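Two complexes are shown next, each including chain A; its partner changes from chain B in the first to chain C in the second.
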Partner chain A sequence: MTRSLVWDRVATGVFWAIGVFVVLVLGAIILHFLLASIGTLSLDFLTSDPSRTELGGVGPILWNSFYILVLTMLITVPLGTIGGIYMAEYAGDGRIPNLIRLSQELISSVPSIVVGLFGLALFVTALGWSFSALSGAMALTVFNLPLMMRLSEQAMRAVPQDERDASLALGSTKWQTVRHVVLPLAVPGIITGIILTAGRIFGEAAALIFTAGLSTPMHYDFTNFDLTDPQSPWSPFHPATTLSVYIWKLNSEGLGNYVRQIADTSAAILVIAVLLFNLGARTLGSVLHRRTTGSR
Partner chain B sequence: MAVAATTPRSSTLRGSESMAQRLDLPRRITFLAAAVVILLVLLLLTFITWNGVQIFFHSNVPLSNILSTDWAPSDSPAQFGIFPFIAGTLGVMALAAVISTPLSVGLAIFMAEIAPGWAKNIAQPAMEVFVGIPSVVWGWLGITILVPWLRQNLSWAGFHLGFSWFAGSLVLSLMILPTITSISYDVIATVPRDMRTGSLALGSTRWQTIRHVVLPAATTGIVTAIVLGMMRAAGEALAVQMVIGNRPVMPTGLTDPLTTLTSQITLDMGNTVAGEAWNEALWTMGLVLLIISFAFVAFVRRLSRKKSYA
Partner chain C sequence: MTTEENVSIAEPPTTQVAPATPVAIRVAVRPEGAEQVVDNEVRIKVEDLNIYYGARRAVRGVTMDIAANAVTAFIGPSGCGKSTILRCFDRMNDLIPDARVEGKIVLNGEDIYAPGVLPVEVRRRVGLVFQRPNPFPMTIYDNVAYGPRRHGQSDKKALDQIVENSLRRAALWEEVKDDFRKKSGLALSGGQQQRMCIARTLATEPDVILMDEPASALDPISTLKIEDLIHELRQRYTIVIVTHNMQQASRVSQMTAFFTLGEDRAGYLVEYDQTAQIFTNPKQQLTEDYVSGRFG
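Take a look at the complex of A and B:
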């Protein structure tokens, strides 16, 4: 065998080794958390209140994670999709659209801790929302809006031009075309985008420490529906420590005998959530694709 | 990429079209939604800059004090040198890029050029899961697995605490791996097929083709990928804070604890009172972080203007 053939074999071996190594690392991480959470992860852990002295659950904290997720999505998804329509269908290549693209890039580059500082200055202090689910959700909106906008723009750009031409040729207006032809075809892509954004929001912590607060909720009274009362878990103004923030807090305080177990299990929940969000995005994306295109 | 958005109309109708466009309500409404991001950037710049300069105007700390290597905010006179943090951030970021680049570019080449279909079907979803693992989870892994391991097995090499520059960079290198990999993969995949077949037809092996044809054609894109990975590393807060030991001095060695801009903000923000110089120094660090990330964006924009292959 010639030298070049030997080197080709060696290179191929090295690349395979890298591929196998990275996948194994990921597998090991997932397996580690699954094993570490055995014995602790249960329905009771997911629903019960945290406790200072014994092994407590994460019920209220998990509630906060979902609360902030839903609140953020309520703002991000409509605004991001509508903004995406502009970028894909109307914007073209002018100065203002380019300014919008630059803004998207700039915001995506800002570290989440700086977004947290911004939220602290604007939402918590200037607007007086204090440490609350609403302040947290707004901070998360800041850096997820550009992402959602770009994902929905991409989904709409992927719709073939023929579809638009056919609709316009039938006498539809531009907006009718967007509303009844482009948007429905882009829905699978948009939904995949939503789920992936949701996964990011669920795991975010740095931007929430200074906006949603750090106090561990010990017990929530779910019969309190007074939305203006910061004690009510339903209120957007209640301080809302999420699961990711809770792990960081447990580590930095290091109190209690069960810190390791609780944090391991909470981390396992986050990892499982990431897996589910990804799986959801994949299956839903392909199911919707089949539905809307009629292909099998 | 072709802009498929505007409908072709004859140019004689341009005058009446722009009138119609101006009255186009959906166009205006969707524009308002898109323009929110411009507003957000302006607000962000204003608030971070305003708070970031308060240490000079409100607490009257001289610039020479800030631009020093001495951080002792509770001494009198207090020292607010931010160079240890900037050096820490850049140091941790650089080492993370050095560790991560061979792995992630190698993985991108593997996925684009070598992996058969089934291996690609494993590697691609794996990257998506990888990128989704939250930063606190990485930090928690670092503090429960990596740091104790370094302390127990490598204390002879200087890892007396385990918390170290190296630990921070190692955790970061894994966090930025999917970023560099996925962008590099996209770039490598867009290198025209003809260039590969041309090279193979001349009798080159696959490795020679990758080495002398594919990689040179993709260089600019791969550099962009690495820069974007470094940007993520510089801004990462919690995972780094949990494993680097948070010692506010200039970096001394790979096995020693140090600190970064992000970790000091994370740690001290809750322990300081708004309006005092210590707190304002943290906002200045936030401003420095913002400037660093905007500089990265400018650099990436410059790179992307260059053509990667003719």
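Take a look at the complex of A and C:
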């Protein structure tokens, strides 16, 4: 066998081994938490209050996680998509768009604990929203918006120039072209982006410790629709510990008999949720891609 | 240029004295021979057209009149600027950031590069068929209805009529009449896609149809269908076609313009005459060398 063939085999083997290693690590993480949550993970655990004396569940905390997720998405998806349209179709390569791109990268690389401190100063203190779901969602928006903008910009840039030219040559305006050709073709990419960022938001802890807070109303009354009442689960002003923050809290200062089990089970829920988000993104992305390109 | 003479321009064309205002162009009805010749009115008048990309001049001093209800072929070696000139006729070059156009292009008596003329308006009167079929990922119906819809036609019956007429004129109706409302444009064969793109252009009711090597990506049978279609369309439309294929130019066109690259790397018009003249009895040596296959 010649030298080049030997090296070809070696290279293939190394890449294969790295791939297997990555899969094993992921499998080990999932398996560890699944095994640790056996006996604890149940519908009751997902819905009951943490304050119970026997084995407290994560009902309100899970609610908070989804509440903050939805609130953040309501803010970032429209703004991020509009920003992405601007960056992809209108901005070009001038000074201002380059400044925007630089800012996007910088914000994305700021540690999330720092974003949390910023949120504490601005939303919690200066704006007086105190520790609340809204403060948390705004802190998450700070670093999720640039990411969302970037992802939707990329989805739109991936639309072939041919399609734009075809539309423009038929006498459509630029906005008509964006609205009727570019956006529909970019939707699968944008939705994939939304779900992937959703996974990130769902798992975020550091930025929420100082903004959404470490507490939650003990008993949620879902018939209380007073949006200004910090005790109402529907109000953006209720303090809202999320699942990740709860895990951190249990592990650092939790007391009681079941702390270990509760933390591990919460972690299992978190891992499964994020995994589902990612699988969902893939499936929905490919379904939408097939539908919009008509290759069914 | 008078009604009796045809243009033939020797390098450098910029020294050419501006011809008298033309009223008609003598066009051979049958491309194979000039036995039957009629006078067509002028649809597009090009006056001393220069096209620049940044500081580089890509096209130099083109002056020509394009006859209504005739097919005019642009031939010449790669890079001689024939597509660039074609794309000026519907201001698609406006989309290239540093492209600049000097001179006049007069369509139906109006300079389409005059200040205040909107490219969108020009493109509604001048259709462009691209080299590669570029259907939108929508149904055939939605593809063809795209232009009229963007121009404000929303009446369903009117749209139905436009779509059917356009598909008939593009010689595609018989092949798709059963499923054109459901079938994706992408599910058609390459040749059918190109005819659908032509139907899409016809639906906007242009005066002029520009075709940029419309058959170069197609198989021979599809190519013949497109050529037959061009013959049909000449009755109603003014057609300008860029082609690499000299047989195609001689088959489909009544007038032929031969362009080549000058020593300054700018394309210019060498000779413009009835197609039969260009291919059998050209006045310029360069033309003769090109059509006889000695270069290019």
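Worth a mention:
Operating definition for what follows: the second predicted complex is superposed on the first by the 274 of 296 C-alpha atoms of A that agree within 3 Å, B and C clash if a C-alpha of one lies under 4 Å from a C-alpha of the other, contacts with A are read in each partner's own complex, and residues count from 1 in each chain.
In the analysis below, contacts are C-beta pairs under 8 Å (C-beta built on N, C-alpha and C of every residue); 3 or more make two chains touch, one makes a residue touch a chain.
Here the structure is a predicted model, which is why all the values come from computation and not from measurement.
Of the two partner chains placed by the overlay, neither chain B nor chain C lies in contact with A:288. Between chain B and chain C, B contacts the larger number of chain A residues. Once the two complexes are laid over each other on the shared chain, residue contacts for A:172 go to chain C alone; chain B is not touched. In the overlay built on the shared chain, the residue A:46 is in contact with neither chain B nor chain C. Once the two complexes are overlaid on the shared chain, A:107 sits against chain B while remaining clear of chain C. Of the two partner chains placed around the shared chain by superposition, chain C is the only one that A:162 touches, whereas chain B remains out of contact. Contact with chain C, but none with chain B, is seen for A:181 once the two complexes are overlaid on the shared chain.
Shared interface residues of chain A, touching chain B in one complex and chain C in the other, are 92, 165, 168. Residues of chain A touching chain B in their complex: 4-5, 7-8, 10-12, 14-16, 18-19, 21-23, 25-26, 29-30, 32-33, 79-80, 82-93, 96-97, 99-100, 103-107, 109-115, 117-118, 120-122, 125-126, 142, 145-146, 149, 157, 161, 164-165, 168, 174-175, 178, 196, 199-200, 202-206, 209-210, 214, 244-245, 247-248, 251-252, 260, 263-264, 267, 270-271, 274-275, 277-278, 282.
Across the interface of their complex, chain A is touched by residues 3-7, 24-27, 29-31, 33-38, 40-41, 43-44, 47-48, 50-51, 103, 106-107, 109-111, 113-115, 119, 122-123, 125-126, 128-130, 132-137, 139-141, 143-145, 174, 177, 204-208, 210-211, 231, 234-238, 242, 262, 265-267, 269-270, 274, 283, 286, 289-290, 293-294, 296-297, 300-301 of chain B. On the chain C side of its complex with chain A, the touching residues are 90, 92, 95, 97, 120-121, 123-124, 127-128, 130, 132, 134-139, 146-147, 150-151, 184-187, 197, 200-201, 204. Considering their complex, residues 92, 160, 162-163, 165-173, 176, 180-181, 184-185, 292-296 of chain A touch chain C.
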